[in-house]
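Next come two complexes, and both contain subunit A; in the first it sits with subunit B, in the second with subunit C.
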Partner chain A sequence: MIIQQIINGIILGSIYSLVGISFTLLIGVLHLLNFALGEVMMIGALMAWVILTFTGLNIALAVLIVIMATALLGVLMDVTAFKPLRRKKEYYLAPMISSIGFSLIFQEMANKYTGGVPVSFPENIVQGRIFNIGNSVFSSINVTVLGIALAMMMLLHYFLQKTKTGIAIRATSESFRRSRLLGININHIILIVSGIASMLAGLSGVLVGLTYGAISPFLGTIFVTKGFVVMLLGGFGSVHGAMLAGILLGLIEILSTSFLSTTYKDLWTFVLVIIILLFRPLGLFGTLPPVHRED
Partner chain B sequence: MSPYLNSILTLAGINILLAYSFYLPRGVGLLALGQAAFMGIGAYTCTILTVRYGIGFIPSLIAGGIIATVVGIVTGLAALRLKGLYLAILTMAFGEIVRVIVANTEWLGGVEGIFAIPPHTNLAAIVVAIGILMIFFQRTQNSRPGRTQIAIRDNEDVAEAFGVNIFREKVIAYGMGSFIAGVAGGFYAHYILYIEPGAFSFERMVEILMFCVFGGVGVYWGPFFGALTLTLIPEIFRFLSDWRIVFYGAVLIITMVLRPQGVIDREVIQKVQGFLFKVFLHKGRIGRR
Partner chain C sequence: MLVIENLYTCYGKVQALKGINLIVNKGEIVTVLGSNGAGKSTLINTISGLIKPDQGSIRFCGEDITKVPPHEIVLRGILQVPDGTAILSRLNVRENLIIGAYCRKDRGSFKEDIESVYQRFPKLGERKNQIAGSLSGGEQKMLAIGMALMGKPRLLMLDEPSLGLSPLLVSQLFRIISQLQQEGITILLVEQNAQKALNYAARGYILETGEIILSDLASNLLRNKKVREAYLGEVPPAENETRET
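On to the complex of A and B.
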């Protein structure tokens, strides 16, 4: 029983990690709090639903298409709304408001498309094969979700630590001005980061859809909060922090609902946030304060 | 005045009060995202006093404001050491905690909320409340407290070096913001006639934030304009009814690109003042230049 819960916690947590990473990347590199990422998630899930229900493609292809489409969406959002604001540093609330504008638009469009009710993935896809390990029951879908999430995180780790672009992204997150001096093309980095963040959100949306078997057009709102919590717990701008924090949050949620009262499910998350902020505002792994930074 | 217009303006008035509850802490550089919770605290206190204990509306309203202030100051003492986004997320978490607790408390009606609240809110009372606030803002603008606030907003370290007790000023501004949010909550409850925890969730806070940033947080006319316009736009554009929310989102994005400081800023105010001055003091001069 406890092992089952722990594994469920890790699966949920790995999705939270992806959401958290997408938030933390945008905050860390672009100093942007993008509320629309929750809706990008929902759009990713909805696209996967459309692909899996109506075209009969398999999950891998669906994931690929969603990833590309949401990355493009992220880049488009940045170019249309956030780029014009980037030169005007003193208005750091303004991009946040634009992102709320986007999230209103996306949510309403999805709401119209689905008619405001949750849609279910086809049974044969989300059911998967069921198998037992000891007393615990898993479906092949759970394993797939966990696999995709972990693979994505490892890829991202490799990308940020080893590749030239990844190192440039990390440099940019420390200082725009100094990276520009070193010959990094900031505009490219910004587009890449927006694309990656949005892609991760879209992917986590697909994973949420597969795990729960159904998606509602209001899915984004719930996960925005979770994304904030993960970002905070891991430390603003810390990708590794977000990975661990997401899994930690998943475990805390699942274990607290099974051992403490379920009525206060969401409460524990927020109590955790307040404790972190009051006693370790940098998060578990954070090093840089997100505002009042040079450049 | 038609009942329809009356009811829209009442809602706009409540929204203006809510926008000011964000504007006041913002005036000392605080990004407080828990105002929806203070609104909820005010709404519940006021409703319980009028519905269950039969106390008059105005005393209940003020009691709601006071309870919200007390909660605001107590939490503020712990929270206001934080700055910027940290404070924003902490206040947001506080707001959600309040909502979850209320939703799980039977005595407060739980998730279903409280029904059958008598309709006490009228436009006149709200106009008076907004009027008092506007006079307050106008009077403090060029006074010592007003300038102290501007100093803190512009540069905390310099303000502190000049002998300003920053923490005290912040707690005061935060407390006043909570009071206004609480009063607005009381008005809201007796206007909608039904309250439930979902009405005071983070979505409400996002709405408040939009009013302020759209209108501009530099001058006190900003939140007024923002709340009024954003409440009226969906009503005016009823012919777009199916696409209202999409339109609303697009307006936000475009406004931010064109005017990130909000629609109303100091320059606009000066222009309007100059225009009014010309019209009322030098009649007929316009256009003959």
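On to the complex of A and C.
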């Protein structure tokens, strides 16, 4: 029983991690709090639903298509709304407001499309194969979700730590000016980061859809809050922090639900978050305050 | 190699450069001296493309680079070591050097170049996995120069490199600068430490409130009465007398 809950917590947590990382990347590099990422999640889930319900393509292909489409969506959002604002001096809050605009637009569009009711994934897909380990029951879909989430995180880790572009992204998150002087094209980096962040949100949307079997057009709103919490707990701009914080949040939620009351699920979570932040205002793994950029 | 003509640049709303003319020839060390706020950093940042000039032209190796974006100016071989924090404090030493070579297309001698930086600055080799922000001020300066070297500069611009370093490190720094010149790198040195800079440079420019008021061979500037009084701390005799009475 407890092992089952722990594993469920890790599965849910790994999805939270992906959402948290997507917020953390945008905050870290662009100092941008993008509320629309929640709706990008919802769009990713909805796209996966359309693909899996109507086209007969398999999960792997659905994931691939969603990843590419949402990455493109992230780039488009940046180019159309955030980039023009960045050129202005007093740009700090304006992009955030624009992102709320995007979030409402996407929500309304999805609402129109689905008729405002949650849509369910085909049973045969989300049920998967059921198997037992000891006393615990798992479905193959849980394993798939966890596998995809962990693989994506490892890929991201490798990309940010070892590749030249990854190091350039980390450089850019510290200083636009100094990165420029090293020959880094900031505009390229911004596009790459916008794409990756949005792609992670889209992917986590698919994983949410597969885990719960149903999605609503308002799914984004819930997950935006979770994403913030993970980002804050993890520490500003810390991708590794977000990975761990997401899994921690998932565990807290599932374990508090099974041992305390379901009604107060989010209450326990946020009480704990507030307490943690009181003692560690920079987050559990945050060691540095957000950098004030000199550009 | 670098020819600047009639350059006007605003810094914020202030007219920071008012018609600068400056030439750097291949292989030489040229220094620009001036007090705080004279426009030294604005000049170097305009060359780097971080600030767009209002008027005038900058040519490098015969090509006009006045409107070229900063990352492309780096690709052409003009590298700047900025003043203050010039490194990326959250990356480790090795990653800083890797990112220093970001602008390079060739991959061949990359590993050897990192090794040669470690040889030049043994301290960096000892700390290659350490977060750069934890290095001392002197080590950070060496790392910043190492990063620039990784980019294979044709023209290296140093913005007040001696600022905040101990006298011993300043001497070491200038020895390195003259070493780099002997290896064929052209150097534009912006400094407040006029004595040291003029000892090593071939020529010097004196910048005051955005204008070049004097330019000459370094040896002549060292003998110039005005320069000695304003930048080398020599007390003018007249002022000396008034203070005594």
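Everything below uses one rule, namely that the second predicted complex is superposed on the first by the 288 of 295 C-alpha atoms of A that agree within 3 Å, B and C clash if a C-alpha of one lies under 4 Å from a C-alpha of the other, contacts with A are read in each partner's own complex, and residues count from 1 in each chain.
The working rule: a contact is a pair of C-beta atoms (placed from the backbone, for glycine too) under 8 Å apart; a residue touches a chain by one contact, two chains touch by 3 or more.
Everything numeric in this text was worked out from a predicted model, so none of it was measured.
Student: Would you sort A:Arg280 into first (subunit B), second (subunit C), both or neither based on which partner it touches?
Tutor: neither
Student: Under the stated touch criterion, which partner chain does A:Asp266 make contact with: subunit B (first), subunit C (second), both, or neither?
Tutor: First partner only.
Student: Going by the contact rule stated at the top, is it subunit B or subunit C that touches a larger number of residues on subunit A?
Tutor: Looking at subunit A, the partner in contact with more of its residues is B.
Student: Enumerate the residues of subunit A that count as touching subunit B in its complex and touching subunit C in the other.
Tutor: none
Student: Could you please specify the touching residues of subunit B with respect to subunit A in the complex?
Tutor: Residues 31, 78-79, 82-86, 89-90, 92-94, 96-97, 100-101, 104, 202-203, 206, 209-210, 213-214, 217, 242-243, 245-246, 248-253, 256-257, 260-261 of subunit B touch subunit A in their complex.
Student: Residues of subunit A touching subunit C in their complex?
Tutor: Residue positions touching the partner: 164, 167-168, 170-171, 173-175, 177-186, 288.
Student: Under the definition above, what is the set of subunit C residues touching subunit A in their complex?
Tutor: Contacts found on subunit C: 48, 50, 69-71, 74-75, 79-80, 82, 85-91, 95, 98-100, 102-103, 147, 151.
Student: Along subunit A, where are the residues that touch subunit B in the complex?
Tutor: Per the touch definition, subunit A meets subunit B at residues 27, 33, 35, 80-81, 84-85, 88, 91, 93-98, 100-105, 107-109, 112, 221, 225, 228-229, 232, 236, 263-264, 266-267, 270-271, 273-274, 277-278, 281, 289-292.
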